[in-house]
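What follows is chain A paired twice: with chain B in the first complex and chain C in the second.
Right after this comes the complex of A and B.
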């Protein structure tokens, strides 16, 4: 049994936490509330905190079509906006006196160094000014705890798919263990970079635009054959990206020598950009479903929780649901873009759990951000 | 970090940034201090506060390293000032 009430809230009735996220191109500020309930004293209810979201504000740094986001520019975006977002979050949450907050949570890593650093500078300043303790949060654990609280999935296999990470995770003995992961690039990175090759907009997100193109494919029964690269429990995606990139380039250059894309006799185009997008998604997601299913078999679980930016993809959710239906009584839990895509609330949720277990920053030297911070390095004190 | 280094780096800069109160200047020092320098053999920073002022002294192995290091610290100082300005009433 776990006691989530070991540190009582400042006002005696509820905990208030501010979460700051800025590890990639999204800047998120969120404020949440947990009621102080006796049932949390001696139970295993870290997925049932009765969290209330008081505000959840995000600003995304969007680059022009064909371009990715660079650390320096992203950090500048965050610095430009972060103070204003915190102000708005406090107003929306109706927190007139910020020193009422129980904790300020920030992303310690993993992520891009410069953007992470730009946010932690603000977090430290606020902590000193308001005399509120800091909690450093692992970004991946943030996604997991957010997903558990929103969907109420108690002990799911977690598929964490985003622009920077691709991992299959299961909980065991106070640790989120990584069962499988990408050996090279993340799935979101693969989709983003293909979107750059296609020169399609990065607004609202490159992956979303690929998903919309894929829906328009008129030739869904004939998949374009792509490399399928599952390696045991792990995945590799850089080769697939290279392959679809070259297909797209042949298509744009009308290279009729390519027999996959053009009829060798008549020169007629057989495959459209939409078809390639569709096949790319089917292929990548099939790989994810395969390793997720294997992880479920390993840990004897019938729940899957999909988190991370790519987790909003409806097609991925559908494919995962099909797999779960075929297993006995399986369920897929996923959230929408408010929670899937990086946000401040998830950092606040994971951070507040840490805070309630008494794990706070005691010296500012512990707040140095780090680009590499694996999911399994975190001691998960708030679960049995 | 241990203060065992000798100051043998040729390029130096000293900055003083005035704050409204001594407490604010101390806050800035506390916020800036924790971050390690990536290449300590090429670049050093020292933060301190004197009355209402934040005092920063930089040392770099060449002018380029010094310029890059100084501008990154100045960006952080700007965030601190904006935060203090917005949230202290």
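Right after this comes the complex of A and C.
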């Protein structure tokens, strides 16, 4: 059993936590509340904290179509917006005295170095100004704990799919263990980069725009054949990206020698951009479903929790649900864009669990951010 | 309120101190010359909506203390960035010079005697393989 009440809240009634996220192009500030309940003293209820979201503010650094986000400019965005966002978050949460916060949680890693650095500087400053302890949070664990709390999934296999990460995770002995992962680029990165090739807008997100294009495909029964690269429990996506990129370029250049895209006799176009988007999604998601199912068999679980930005893709949720239905009434848990996409609340949730177990920063030297910080490096003290 | 200052120390150079000079324009703005968006993203059509906010004035029309601090730090950051860029140029030129010297001395050695040895070796190997 775990005692989540080992550190009492400042006001004796509820815990208040501020979360700061800025590991990529989203800057998020969130404030949450956990009631101080006796049922959390001797139990395993870290997924049932009765969390209340007081504010969840986000601002995204968006680049023109065809462009990615550079670390320097993303860091500048975070640096120049973060104070304004914290002000809005406090105002929305009705927190007039920030020194009443129990903890300030920040993303320690993994992520892009420069943007992480912009945010941690503010976290340190606020901690000193308000005399509130800091907690450094693993970004991936933030996604998992947020998903568990929102969906109440007790012990699911977690599929973590975002712009920087693709992992299949299951909990065992105080650790989120990685059962399978990408060997090269993340799925979100694959979709984003293909969106850049297509020069479609990055607003609201490139992946969302690919999903919308895929829905418009009129040839859903005839998939464009793409490489399928599952390697044991791992997968690889860079080759697929290279292949679809070349298809798209041939399509734009009207290269009629390409027999997949054009009829060799008449020169008629057989495949559209929408068809390629649809086939790409189907192919990539089928790979994800396969390794997730294998992980479920390993740990004898019938629950899947999808987290990360790509997790709000409805088609991925549908395909995962089909697989789960075939496995003894399995369930898929997923959240919407408020919680799937990087946000400050998820950092506050994971950080507050750490805080309640007495895990806080004792010296500012412990707040150095890191680009590499694997999910399985975190000691999960708040679960049995 | 005391003015902020910065000291840069490195094993390869003398310590360098940066002080605020209120007479210079760069200490009277929150929009730094080296902290703007990359030229690359502007060329790509990016509209800069991430500028730092302007310094604020009190009821008497004077800059607030926090705004004065922000402006001082903006100027200091520009000074530091320019100094570090200059240091990087110096280090780059030094390396290029070293590489050039190494290349030239390598070529001279090859011409004088090293090259002959190599050719001899090649010839020996060639002849031995022929013999085999």
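By definition in this document, the second predicted complex is superposed on the first by the 384 of 384 C-alpha atoms of A that agree within 3 Å, B and C clash if a C-alpha of one lies under 4 Å from a C-alpha of the other, contacts with A are read in each partner's own complex, and residues count from 1 in each chain.
Everything that follows uses one rule, which is that a residue touches a chain if its C-beta (ideal position, glycine included) is under 8 Å from a C-beta of that chain, and two chains touch if they have at least 3 such contacts.
For clarity, every value in this text was computed on a predicted model and none was experimentally measured.
After superposition on chain A, the partners chain B and chain C are seen to clash.
Looking at the shared chain after the overlay, A:334 reaches neither chain B nor chain C. Which of chain B and chain C touches more residues of chain A: that partner is B. After overlaying the two complexes on the shared chain, residue contacts for A:93 are found with neither chain B nor chain C. In the superposed model, A:213 makes contact with neither chain B nor chain C. Contacts of A:186 after superposition: neither chain B nor chain C is touched. Contacts of A:368 after superposition: chain B is touched, whereas chain C is not reached.
Look at A:81: by the touch rule set out above, it reaches chain C but stays clear of chain B.
When the two structures are aligned on the shared chain, A:73 is found in touch with chain C, with no touch to chain B.
Applying the stated contact rule after C-alpha superposition, one finds that A:122 touches chain B and leaves chain C untouched.
After the shared chain A is superposed, the part of chain C among 21-29, 75-83 or 111-119 that runs into chain B is 75-83, by C-alpha clashes.
The contact surfaces that chain B and chain C form on chain A in the two complexes overlap at residues 76, 79. Of all residues in chain B, only 27-28, 30-31, 33-36, 75-76, 78-80, 82-84, 86-88 touch chain A in the complex they form. Chain A meets chain C in the complex at residues 61, 63-64, 66-67, 70, 72-73, 76-77, 79-81, 84.
Chain contact summary for the complex, chain C toward chain A: residues 35-38, 40-41, 44-46, 50-53. Contacts from chain A toward chain B in the complex involve residues 75-76, 79, 82-83, 86-87, 98, 117-118, 121-122, 124-126, 128-130, 364-365, 367-368.
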